[in-house]
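Listed after this line are the structures, all set down as structure tokens.
Below are two complexes that have subunit A in common, paired first with subunit B and then with subunit C.
The block that comes next holds the complex of A and B.
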């Protein structure tokens, strides 16, 4: 299979305006991935599926990932004048990163038996711009998995044919796989007609006598 | 390209997808378009139904006896396995993986261990590799045998085939019990090897089980494979084309019954599968009978791996001495590891941020993704066929719901 750089250049040539970024992976697995902007994701994915040299006809795994707002610290070597002598000093530079949600697709080829090519889509933030392109029209295998990501992470998918909750029940409000999810104290509590009746009866209770 | 979906009001609304391909969306449009006379009947099959293999519901819309719409509903067993794993250490999730597909705990363990080994770059000693393929192939035998029993149970062959299957399963579970201390929740693999060495006499006991297995398979197949009722109930039922199977991400026997040659034991050649020659049985029709036959033949191929592997297994350590049990912190990065479990591709996607807990832990459950085509399999067929089709998918709800 081609290297990720070659795939990137070819995809950028085929899809006009697409900007792909290679996300390095430092672990021994060395599975690097391609980050694609949401507006070009569908076209790039279609290229990956239909290109005769790649033929990534099998979308194995779709997973959501949540990244909170974070402060990244980087060690940078800076030249500084210390006691009249110029020295190289390590400095910690801190940058703030806004949180975002990610959807990761692991693509393989069943016909050519290679892979994985990892494709990532990133949302703008974690609150209001949380939509990405659905790849279900290209790979049916993403249908339930994207529903699961929608259910547990609250990421919306443009063009998904049947975007509903899948594991949690329909009336559930929150997205439990988010990193800042707070468990409610009591899952089972539901207001019942009985509660209203109890409140009403309180009006008829004798007033508590205050002892002198 | 456009496809039609039915709205809640019953009218047919046309939605446009950029490219739906040759998938089920078109087929659904054809079936709904058929002119009908009577009223449609909505039936909720399950969640408490003996043939749904657990707590699973199918919302079915019927035109007479014919299925025109089917929506699988699940999540009744959901406990957010992934969130639990993100809040515990890497090793702490190992016992939880047993509970995913509780028939195949040893392959679940292996898939998770393999992913962590990829993430941390651990090596597995020779003896542990042998133990891994031996236990994995025994698990495959166990799973396929039981599935054949359950499938026959779904068709109304109450008791007999299932009890035959469970008799053999118990022999393998005895092996697992003496190996790990538990019949089903084995918790046996570790990162970089296995938890402990084989107990004395285990290999001989395993050789005995493996040597007797072909006799059982012959007996089982005499009873079932040529059976007229079985053929009438399964042939031509629940068909999936090869194209749809690939597009819908089916894996395991479901995929190979549709004639697609894709087995991770050959493709990835993980572990030491490359050392042993075995063949991949393929179906040609993609119906329930093919799925049953593929599983039967796969068991014979598993025996071809087991017999030499049990002879060749070398002495030596069973765990990588570099692998740490306590204070295990892989470097920041990510890894996706996958194996061919009895049900299909079982994958684990892990992201590490350098802390003792995984930042992201994702299970790719084969049972869940194989259910994607359930509606396509059942449309236009009768309710009784839907039960058989579901049985042939081989789901375990512990894995579907996680």
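The block that comes next holds the complex of A and C.
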């Protein structure tokens, strides 16, 4: 199979205006992924499926990922004058990053026996701009998994044929896989509380001391 | 009648028992379970009913496909919050006298999913459970043991008197409120008439 750089170059040539970003995976698996903007996602995905050299005809997995607002710190080497001598000093630079949600597609080719190519779509934020492009019209296997992502992460999918909750009931308001999900408090009976359950249990056992 | 005379008569082939004992003997040896399973515990329940473990030795081989014909509900497996109202509804549809065995860690307490957002922390929050079986999943022998425990419990039930069985007491409920799907959890999260949190002694 081509390298991800080659796929990116060809996809950008075929889909006018598309800007793909390669997101590196530093782990030993080195499964780098392609980040695509929502407005070009469908065209890029269609290219990945139909291109004769790629023919990624099988979408094995659709996952949601939640990124909270975070403060990123990176070490930067800065030249500074210390006691009249110019020195190179390491400084920690902090940047704030707004939270967002991601949908990750793992694509394989059954006919050419290669893969995976990993495609990501990113939402604008975690509250009101949470829609991405549904790829169910291209891979039918994405239908239930996109519904699951919609259910558990609250990501909407443009063009999904039947977007409703799949695991939780329809009147349910929360999205349980989000990192800031507040679960209902039913810890009245915990024979062996541990870790953060200890704190939740304490409210129900006011007179007793909860041991870890 | 004293026990000596009773024993003598038994030797002659005359059995003297109370109507209550005869009634309980008949019921406890023909308990018909409701044939439904929720998760992997159901596979063990099916195994228990098959030839190797042979639940029919206890008169319980007839798994009924309808709650109207069943005496026993074996809650075999994880009760998710989405499934809980249906389980309670099935229980309500069973005729009295009816019994419940909660089979496996999930059905008795939520088990490994206890801290999850989607699993009920024990079916005894909504319906009265007669026998709890721990295990993940319990062996078919454990289910048979629970069954025999239930038979002993049925044998000891009274027909008359203030401590008579639940189904002879008109003041005791036979149906229990079905929880509703709320915005964040089931409403109510438990039935306080059925379940109180046990006191944890530390």
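Convention: the second predicted complex is superposed on the first by the 185 of 212 C-alpha atoms of A that agree within 3 Å, B and C clash if a C-alpha of one lies under 4 Å from a C-alpha of the other, contacts with A are read in each partner's own complex, and residues count from 1 in each chain.
Keep in mind that, in the parts below, a residue touches a chain if its C-beta (ideal position, glycine included) is under 8 Å from a C-beta of that chain, and two chains touch if they have at least 3 such contacts.
Worth saying up front: this structure is predicted, and the values here are computed from it rather than measured.
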Subunit B versus subunit C as contact partner of A:139, first or second or both or neither: first
Partner chain(s) touched by A:171 [first = subunit B, second = subunit C, both, neither]: second
Which of subunit B and subunit C A:60 touches, first, second, both or neither: first
Partner chain(s) touched by A:95 [first = subunit B, second = subunit C, both, neither]: neither
Subunit B versus subunit C as contact partner of A:106, first or second or both or neither: first
First (subunit B), second (subunit C), both or neither touched by A:197: second
Which superposed partner A:127 touches (first subunit B, second subunit C, both, neither): neither
Subunit B versus subunit C as contact partner of A:205, first or second or both or neither: second
Subunit C-contacting residues of subunit A that also contact subunit B: 167-169, 176
Interfacial residue positions of subunit A with respect to subunit B in the complex: 25-29, 31, 42, 46, 57-61, 63, 65, 104, 106, 110-111, 113, 116, 118, 137-145, 152, 159, 161-162, 165-169, 176-177
Contacting residues of subunit C [partner subunit A, same complex]: 82, 115, 117-118, 121, 181-185, 189-190, 197-198, 200, 202
Residue ranges of subunit A touching subunit C (in the complex, touch as defined): 167-174, 176, 181, 183-184, 186, 188-191, 197, 204-205, 208-211
Subunit B residues touching subunit A - in the complex, by the definition given at the top: 3, 5, 15, 17-21, 23-25, 74-75, 78, 80, 82-83, 118-121, 244, 246-250, 260, 262, 267, 330-338, 345, 347, 349, 351-352, 359-360, 362, 364, 368-369, 371-373, 401-402
